[in-house]
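The next part holds the structures, each set out as structure tokens.
Below are two complexes that have subunit A in common, paired first with subunit B and then with subunit C.
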Partner chain A sequence: MDVRSQISMVFHLDKCIGCHTCSIACKNIWTDRKGAEYMWWNNVETKPGTGYPGKWEDQDIYKGGWEKDGDSIKLKGAGKPKSLTNIFHNPHMPVIDDYYEPFTYKYLDLIESAAGDVQPTARPISMITGEPMDIKMGPNWDDDLSGSPDYARNDPNLKKLSPAEQEAMFEMERMAFFYLPRICNHCLNPACVAACPSGAIYKRGEDGVVLINQDVCRGWRMCVTACPYKKTYYNWSTGKSEKCILCYPRIETGQAPACMHSCVGRIRYLGVMLYDADQIEAVASADEVDVVRRQMEMILDPFDPDVIAAAKANGVADSTIDSAQKSPTYKFVKEWNLALPLHPEFRTLPMLFYVPPLLPVMASVTDVDHTEQSRKINPVGKHWPDSWLYDTTTEELFGTIDDSRFPLEYMASLFSAGDTTAVADRIKKLMAVRLHRRQETVGDVKENTVAEALADTHLTPEVADAIYYLTSLATFDDRFVIPAAHREQAIEMIEFTGDTKGATGFGFMAGSAQRGA
Partner chain B sequence: MNALNVFLFVAFPYVAVVVFVVGVTYRYRKKGFTVTSLSSQFLEGKQLFWGTIPFHFGILVVFFGHLVAFMFPRATLAWNSVPIRLIILEVTAFIFGVLLLIGLVGLLIRRLSHGRIRAVTTKTDIAIELLLLAQVVLGCWIAVGYRWGSSWFAADLTPYLWSLGTFTPETAAVYALPWPIKLHIVGAFAILLLVPFTRLVHFIVAPFHYVVRPYQQVIWNWNRRSIRDPGTPWTEVRPKSS
Partner chain C sequence: MDAGDAVVRAGSSTLTPSSRPRVGPILPAVSLALACGLLGPVGLAAQQDDGRQHFETLCVVCHTVGGGTLIGPDLRGVEDRRSEDWIIRFVQSSQQMVSAGDSTAVALFEEYGSILMPDAPLTDAEIRSVIAYTSQGEALAAAPAPDATAEQVVHGQDLFQGTARFSNGGPTCGSCHDVANDAVIGGGVLAAELTTVFSRLGGPGVRAILGSPPFPVMQQAYMHRPLTDDEVVSLVGFLQKADEEQALHQPRAYGIALFGSGVVGAALLMGLFSLTWRGRKRGSVNQEIFDRQIRSS
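Up next, the complex of A and B:
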């Protein structure tokens, strides 16, 4: 057992309101630079939709991620033979038009135009060439465009649905969508690291953050192809690849990453998980249906004395083990089994997990009987006229799941490599928690109904309350349990700190200026 | 005239090699961020294919062809002693030379005709590309006009280059060469001289080590096993990060 610690994330999709505040926070800090304007290390997509870059999930086009090769796995579009033979021209590399051409407006024209009969306008100009351009795409061009023929209907996840199911999804009355915020998954089996011919990309041992060494990157661009999530980006100005750094300078100083800190819906959780690194290859090579389950098994119980001993032997700090025990992500992912990784079939073992959205599923019921519902709601309750408002009082507890506006196959295609039971289990739990809380706060649900729902999903009222607490009431410190970075020890291991006494910084920068120099 | 010859074929090569070695070492060690292929495929990928592929495969074959004649002159001459083998060698080299020329012209046209590519083009890019172009045109011209270069290179130029390497320059043979060949030699050293200052530096970092390294890389800031070991007090012996 090779215990390592990994900073992992959970995004609770039920809570995402699609405001893009996370994207803006990230952009302002990290990618507001020449060559990086088009990059959105954090972006929010509308599902169903094609996303950014367009149809990124379709690996027939982009050739990202790993694929099974006998008992092992190989990179689909990169790897040792392909990265070297395609080094002069990478046939599977997305170009800027797959993302969008970054633009700004000639705002100064509004102020500096000569007086005339017509209002001056601010024309859009390309941020690459500086020439006037017609804007054809943006980073969130398909925002809220569920049902549109250009976007929603080209969602690669629809491939697994029958034509009838697809049509049903896009009936005006049943139309639904949800938001999918995405950052780098900081995978356990990162394809970008494996594809980098220069060896510039690495996983940080202490916390598992995947980083690109900008001094070693030579712009061979294989990481852009290899990352199935398209979360490494090529900076066309510097000729280097860049990616989400999980705000490691913030994490090292105990602050939440900017996207998480700024999240309006408070959908984001960050915490440490301990895992067994010896299993990585076997789990990544497992059969497609087993990958999710085995990835969950690979995550270790931080309270298990054997795990703690192995972690300590491996140099995992006590403070990190303590963080792992308090980790909100461990609770969501492993303890409560509520979260799933995005597209596990890419076999990179992503460590960003999503609590699947309940609302589009629940709000799917179109045949709710008004009178029956009105009779059950107590007199002070508001009587909603919408026939498709989700009905927590259905007699058949989980009947609505199968008849949801979003077919379970669609969710399964996103979060569990097609395994609908994995998604259904989590959605049932979310519903059970809601029923339980409805009973606690409003009291219009029959007690035995709640008990049945909880029993069905193996939850106790206490656990349901804990889920409710972490979902709805959690404070900042509950949502972000950031392990101490212990950089002070890192420095002591690398150099004799007495050498740098009186110098500027800790020796990573140039020496201090001399008088007269 | 003799002073110019000495400058071009004795002094200049030494200057070029020294600048190349010092410049590349300095840039690699101190300015690692600037060492990149500066690929523009991200901005334009289709037309690039028809330039970069013939260019790179052309230049690889041509470069290694020159290198073989330089490293193994006897073997080269022995191979060329049978006419048919000489012709095969020369024709192959010429084909790759032309391929290189076509690729280079394609790349230049692309660089000048696309707005997006112009936006990432510097003056040194154009300068080095024109210099390469002149060098390739000269090379193709020499291959046609001063026939069986692979033989006379091995017989005349290899001793000259080796003599530079041993600091006993023997230049008589070079001085007697026709001017296009002289220009080609000077051009070669000029390109070598300019490598540290241009995008050509990326050939130094061709990632052959990728073949032998494991796919996944984990880097620890500190030695995770020993730092927590109470038996190893902190010492001045600095453990290498694992």
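Up next, the complex of A and C:
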């Protein structure tokens, strides 16, 4: 057992309101630079939709992630022979039009134009060429199902659905969507690290944050192809690749990453999990349907004395073990089994987990007689000419999960490599908690319905309350349990700090001459 | 004052090297001319001796006296055929006379294959001394040059191509000249093609040109970096060999076929590339959407 610690994240999709505040917070801090205009280390997508960059989930196009190779795995679009043959032109990369051409507006024209007969307008200007341009695309162009014939209907996750099921999803009355915020998953088996010919990408030992060393990166862009989530980006100005750094300067100082800190819906949770690194290859090479389950098994119980002893032997700090025990992500992912990773079939073992959305609440359209109702309405009021009712009240709760507006196959394609029971389990739990709280606060649900729901999902009222608390009431410190960074120890593992003691004065990475003294 | 002295001395010492050589040749020439007029037979002997020196360094490579035509005409009886004044002007600059339209000079130039006769850097008196030397009736010709050994021929080839350097640092032949020979790859095209130069000019002719080039550019190039005798022998040997072998060695000129094969090869490679990478991603996944969008211009 090779116990290591990993900073992991949980995004509770039921709570996401799609406001993009996380994206803006990240952009303002990290990617508001030349060459990085088109990058959104954090982005929010509408599902169903093609996302950013377009159709990133379709690995037939982008060749990202790993594929099974006998008992082991190999990179789908990179690796030594493929990298060598494609080293000067990597054909599977997204082009700028797959992301979007970044633009701003010539705002000064609005206030500096000479007086004239027509109102001045602010023309869109390309942030790459500086020339006026026609906006073709944006990073959230398909927000809220806009342009759904082009975007939502081309969602790669629909491939597994029958044409009838697909049609049903886009019936006017059934149409629904949810938001999928995405950042780098800081995977346990990162394809970007494996693909880098320069060895510039590394997974930080102390917390598992995946970083690109800007001094070592040579801009081969194999990581851009290899990452199945398309979360490494090439900076055309510096000639280096960049990615989400999980705001490590903030984490090291005990602050939540900017996207999480600013989250309006408080959907994001961050905490440490202990895992067994010996199992990485075996889990990543497991059969597709087993990957999720095996990944969950890989995450270790931080209260188990054996695990604690092995962690200590491996140099994991006591403070890290302590925060692993308080970790909200451990509760969501392992203890309550409520969260799932995004596209586990890419076999990178992502450490960002999603609580699948229960919403939209299952509804049905029933035939009703509106005449009685219409009689009460003032003649100038809205009279419904048809006779159907969009009904969100249901008799049989779990029965309706199976014919929810989002087919379980669709959710399973996103979160469990096609395993619908894994998704159904989690949605049932969410529903059971909701029933339980409804009974507690309103009391209009039949008691045996609640008891059945809890028993069916193996939840006790106490656990359901704990889930409710962490979902709805949790404070800042409950949602973000950040261990002390121990950077001093981490640095001492790499270099002998005594070398620079007493020699350089302020700052120790660069000598005094380099600092211009 | 000390400083002033130093300047004067420095000035006089810098003058010395440039002024002395100029005075040098004039004084002996004047005294020689005086001696010739005043001293009679004794002066004639001295004059002939001086003439022999000039003849042997400048003339003998192309001309004989009573030995038949070499590159230029046999000079026996030249003093009778032409006036002394004409000879002096011709020797000093034959081309000036040709371009001035002197009928004899033009006829001679054309008769002898339009080969330029280098302008001799001789004074009138020196030319007279040469005439005095050649007109004494004795048959004069250059000593026969030794034939090049096999090693020298190889050395000549190296010298021609530039794989071996001339000992005085002269530019390699191949930078301007070419020879159609399997051993030579890509000579220059700035000057004459030399494959058949040996049969055209003969050994002595080639030797003469190498010894004192009549062509202005070549003259400039080798003025301060003359070829050594051994190098001349080696080069003549190589050129002779190239001439003899020319029927066997005809490097093929591909002409347009070379360019054509390049085009075909490039097309084949492109075809192979597009076949190998036929599964590549072409353009944006949203291209079809963009194509439908309305543009402002």
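We take it that the second predicted complex is superposed on the first by the 452 of 517 C-alpha atoms of A that agree within 3 Å, B and C clash if a C-alpha of one lies under 4 Å from a C-alpha of the other, contacts with A are read in each partner's own complex, and residues count from 1 in each chain.
Here, a contact is a pair of C-beta atoms (placed from the backbone, for glycine too) under 8 Å apart; a residue touches a chain by one contact, two chains touch by 3 or more.
Note that the structure is a prediction, hence the values are computed from the model and not measured.
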Partner chain(s) touched by A:239 [first = subunit B, second = subunit C, both, neither]: first
Dominant toucher of subunit A (residue count), subunit B or subunit C: B
Contacts of A:450 with subunit B and subunit C, given as first, second, both or neither: neither
Which of subunit B and subunit C A:215 touches, first, second, both or neither: first
First (subunit B), second (subunit C), both or neither touched by A:93: both
Which superposed partner A:137 touches (first subunit B, second subunit C, both, neither): second
Footprint overlap on subunit A, comparing subunit B with subunit C: 93, 95
Residue ranges of subunit A in contact with subunit B within the complex: 79-80, 83-84, 87-90, 93-96, 128-131, 189-190, 193-194, 196-199, 201-206, 214-221, 224, 234, 236-240, 280, 312-317, 486-487, 489-490, 492-496
Sites on subunit A touched by subunit C in the complex: 50, 53-55, 61-62, 91-93, 95, 97-98, 134, 136-137, 147, 150
Contact set on subunit B toward subunit A in their complex: 32-33, 35-45, 48-49, 52-53, 56-57, 115-116, 118-120, 202, 205, 207, 209-211, 213, 215-228, 234, 236, 238-239, 241
Subunit C - residues contacting subunit A, complex: 277, 280-281, 283-287, 289-290, 293, 295-297
